[in-house]
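Letters A, B and C mark the chains as written, and numbering starts fresh at 1 in each.
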Amino acid sequence: MRIFPLMGAVAAGLVVTTAEIVGQANLNGAGATFPNPIYTKWFDGYAKRTGVKINYQSISSGGGIRQFTQGTVDFGASDGPMTDTQIAAVQGNVAHIPTVLGAVVLTYNLPGAGTAKLKLDGPTIVDIFLGKITKWNDSRLAALNPGIKLPASDLLVVRRSDGSGTTYVFVDYLAKVSAEWRSRVGVNTAVNWPVGLGGKGNEGVTQQVKQLEGSIGYVELVYALANKLSYASVINPAGKPVDPTLEAVTAAAASAKLPATTDFRVSITNAPGAQAYPIASFTWLLVKADNGDATKGKQLKDFLVWMVGAEAQKMAADLGYAPLPGDVSGLVTERIKALKVAGRVT
Amino acid sequence: MNRLAWRRWKSRTMVGLMIAAVVLAVTPLILILGTVIVKGAGSINLDFFLQTPAPAGETGGGVAHAIVGTLMIVGAACLFGLPIGIAAGIYCAEFSTTRLAFGARFVADVLNGTPSIVVGIFAWTLIVDVQKHFSGWAGSASLAMLMIPMVMRTTEEMIKLVPHSLREAALALGYPRWRTGLSVVIRTCLPGIVTGSLLAIARVAGETAPLLFTALGSQFMSRDLGQPMAALPLTVFTYATGPYDDWHRIAWATALVLILIVLMLSLLARLATRRRFDVKL
Amino acid sequence: MAGPESRRVDIAPVSAPLTGRNPGDLLFKSVLTLAAVAVPLLLGFLVYELYLGSELAIDRFGLAFVRTSTWDPVAEEFGAWPLIFGTLLSATIALAIAVPLSLGVAIYLTEFSPNWLRQPVSFVIELLAAIPSVVYGLWGIFVLIPFLRTTVFKFLHAKLGFLPIFSGPVYGNSMLAAGIILAIMVMPYIMSVSREVLLAVPASQREAALGLGATRWEAAWTAVVPYARSGIVGAVILGLGRALGETMAVTMLIGNRHEVAASLLAPGYTMAAVIANEFTEAASDIHYAALTYVALVLFGVTVIVNAGARLLIWRVSRGQVEGGRGV
């Protein structure tokens, strides 16, 4: 039994020596998986610059809204804006702060297609996710992609199993291009999916598509890029097939034309511009409009100021997220400045 | 063939089938351990133990935060789970005919069969929902609740193995009941109690479900149980279900570390009991 | 009546009276009683909190919750039937695979195997019980499912795809995959308990059968196994209890689909998996209550199953004679 003091000493030693930077996170946030790569990069960079540690758990937009409403986190993150009911549940004490723009892409696993890019349009995508298109060599897919040899295999749909802002953006687009989708399935962070395998988070869906030959799913662009997955170009309302490039996403945001009093809860899907990518969206941090905690309120505000600045926005662009366009950025800065800490604007 | 030959053939065939069953039963373990070792061993280096994670999508980083997290959460769970469990086990052994003992035994069996995720929800409603934030303490509470019935039953079984003669001799010599209990009975079966505790710790160290919404997880090194905290099983889950190849690599390595910890504790537990039977009374 | 192989020592209550003359005794008993009382209190509290948390859902859906199939967070309609179906189906698949295997191993180890083989084999199989569930899930995602998808499932779908149970596209993540991993996970439990009850069968049973001219297999199958029948059934039900409550490995392999499908190759869902996936993201109070209601149902089901198992095992270990089938 003499081994036990030894084990205890070893354990204690481990705990003591492994903590060079001791100390808990200053702020806790949770929410969207869509911007998780850039958020973790930002928080890591911000901690190195200022020492303020921000812990972020990527649990999906639905989770972010819920945790923020319940007060179990200091801030939430979501790509689906809070509904009026949800805002009422926090007595209106919430500000939607846009951080970056992202694109939801249709990513697929079709080795036979090689490097050729699939083209899809709104109605076809709706039919895929309604379960009406079950084989890759369906006539509608063949019609849109004459140059690609489509196999006769099953088309396996992957979608989200959790409450997701990415889902919100995606079905928001689907509802705009299809009345059937709007009435049958609806728009929300979690919907009653007619078909498909459920993946948890953008991470889960990307994983599934990566592993499953013949699958198609919808994820944020950065996930497809980071994992070298193919993604389709989508035909926009102007009739042009558009790739989800930074320019195309920014073009979608340009159509937003926000008034000065905006609360930033706008949808930019199916945007009218000729160059615009149709499935684009802002993603927001949900923070208290009036933060009762003086320290945390100040820390959060300082971070947001850094976030909207050139350095952080460039980090986003390097990773594949479209930075906030100039005019939007100006409005966001104003909103951040107006955030109250303990009742006062500091 | 005549009846006897058919029966003999049937007997031999069944034995053959059973041997096939043994082989089939043993194969998954070899496959799983083998895969974890092969895929995980390569990533076990100093960085892995000393660094915290890199941002999503980047390579490198380690699981130091999760190791510390698991040690702290499981350690705190032991603080509450072990004393209560052992004391309850002693009660059931010493006063085993009382209604409370029967009740506690039945309840412990029920709790032992309860899915750990249900216990996690209980801890969530009790602590996280009330405190309005996730914390390591909530995680420890759920793990303690899992430990108590386990430890209680094994302690009771161990104490029951102590012969009456030992107890009666102590009582005859004038020891009061409490002294008999502590100094004589428990001293004798201490290795057994330790075994039970180690097995419970091993079980609980690998639990993921209850931590999903109590400790939640964290990217940073933390020694504050009052805040969300990382843990090894959570890391395996998050990284396994994520898309990045680097995350997968770390998941395998973390799984290896987790298995090693659990196996080491289990082996230690068996060693403790083995030595016990060598002791001459 | 305990036989020679019985290892239980019944404890006679020590009758030294606690006269209160010794304060140490009183303290001793009080502390222990407190700890013992904490256990049922814990359970009571657990049930109470589960009930409280699901009250909203119970009020709105009542018992129809276990029958309806729509799980629609948008329309705030929740029905748990696909979850219950999935839980039962995956557990059934697991038992269908694990029980013959475990019994085969248990009978072999107690009746047929050479002595030197016993310890190592049972040690190895019990090691399976020590592997954390999340590691099973990890192995399942990256090793088992790709393997199954390209071999077994592909074959089943190609050759037997006309049967409803093997129809539909092959995702990999499926009810069958979850059932298989569950089988591996419950096997050690069924095996070790079966082994224990088989060991408790008196040697006289086997010897009598052999003496009457039975082959070794016949002696085992007709004399030894039936004697331990209710204990073995208890072991199987114990395995069932574990399979019903298993969370992490199933969550990672089952495909997360709120639907009752005829095909084993289709994705599905279980009660434990839906809680693991959706709890931190329940978007509304009713969603949260529905999930807690699911937890309550799951808890109820596992309690009943485990209580039944314990009863059966307890009856055997107390020496109830079931009788052989006759030789």
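Assume a residue touches a chain if its C-beta (ideal position, glycine included) is under 8 Å from a C-beta of that chain, and two chains touch if they have at least 3 such contacts.
Note that the structure is a prediction, hence the values are computed from the model and not measured.
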item	value
Identity of the chain that, by mean CA position, is farthest from chain C	A
Which two chains share the largest set of C-beta contact pairs	B-C
Distance between the centres, which are taken as Cα means, of chain C and chain A, whole angstrom	39
Rounded Å distance, chain A centre to chain B centre (Cα mean)	37
Between chain B and chain C, centroid-to-centroid distance (C-alpha), Å	17
For chain C, residues that touch 2 or more chains besides their own	141, 280
Interface hub residues of chain B, defined as touching at least two other chains	216, 241
Set of chain A residues in contact with two or more other chains	30, 200, 207
Interface residues, chain A side, partner chain C - complex	30, 59-60, 62-63, 65-67, 134, 154-156, 161-163, 186, 188-192, 196-200, 207-208, 211-212, 215
Residues of chain A defined as touching chain B within the complex	1, 3, 11, 14-15, 18-25, 28, 30, 36-37, 40-41, 43-44, 47, 53, 55-58, 70-73, 200-201, 203-204, 206-207, 210, 222-223, 226-227, 319
For the chain C and chain A complex, residues of the former touching the latter	70-75, 141, 145-146, 149, 169-173, 255-258, 267, 277-278, 280-283
Interfacial residue positions of chain B with respect to chain C in the complex	7-8, 10-11, 14-15, 17-22, 24-26, 28-29, 31-32, 35-36, 83-88, 90-97, 100-101, 103-104, 107-119, 121-122, 124-126, 145, 148-149, 152, 160-161, 163-164, 167-168, 171, 176-182, 202-203, 205-209, 212-213, 216, 233, 236-237, 240-241, 248, 251-252, 255, 258-259, 262-263, 266
Chain A partner contacts - residues on chain B that touch it in the complex	49-50, 54-58, 64, 67-68, 71-72, 75, 128-129, 132-134, 190-191, 194, 216-224, 226-228, 241-245, 268, 272
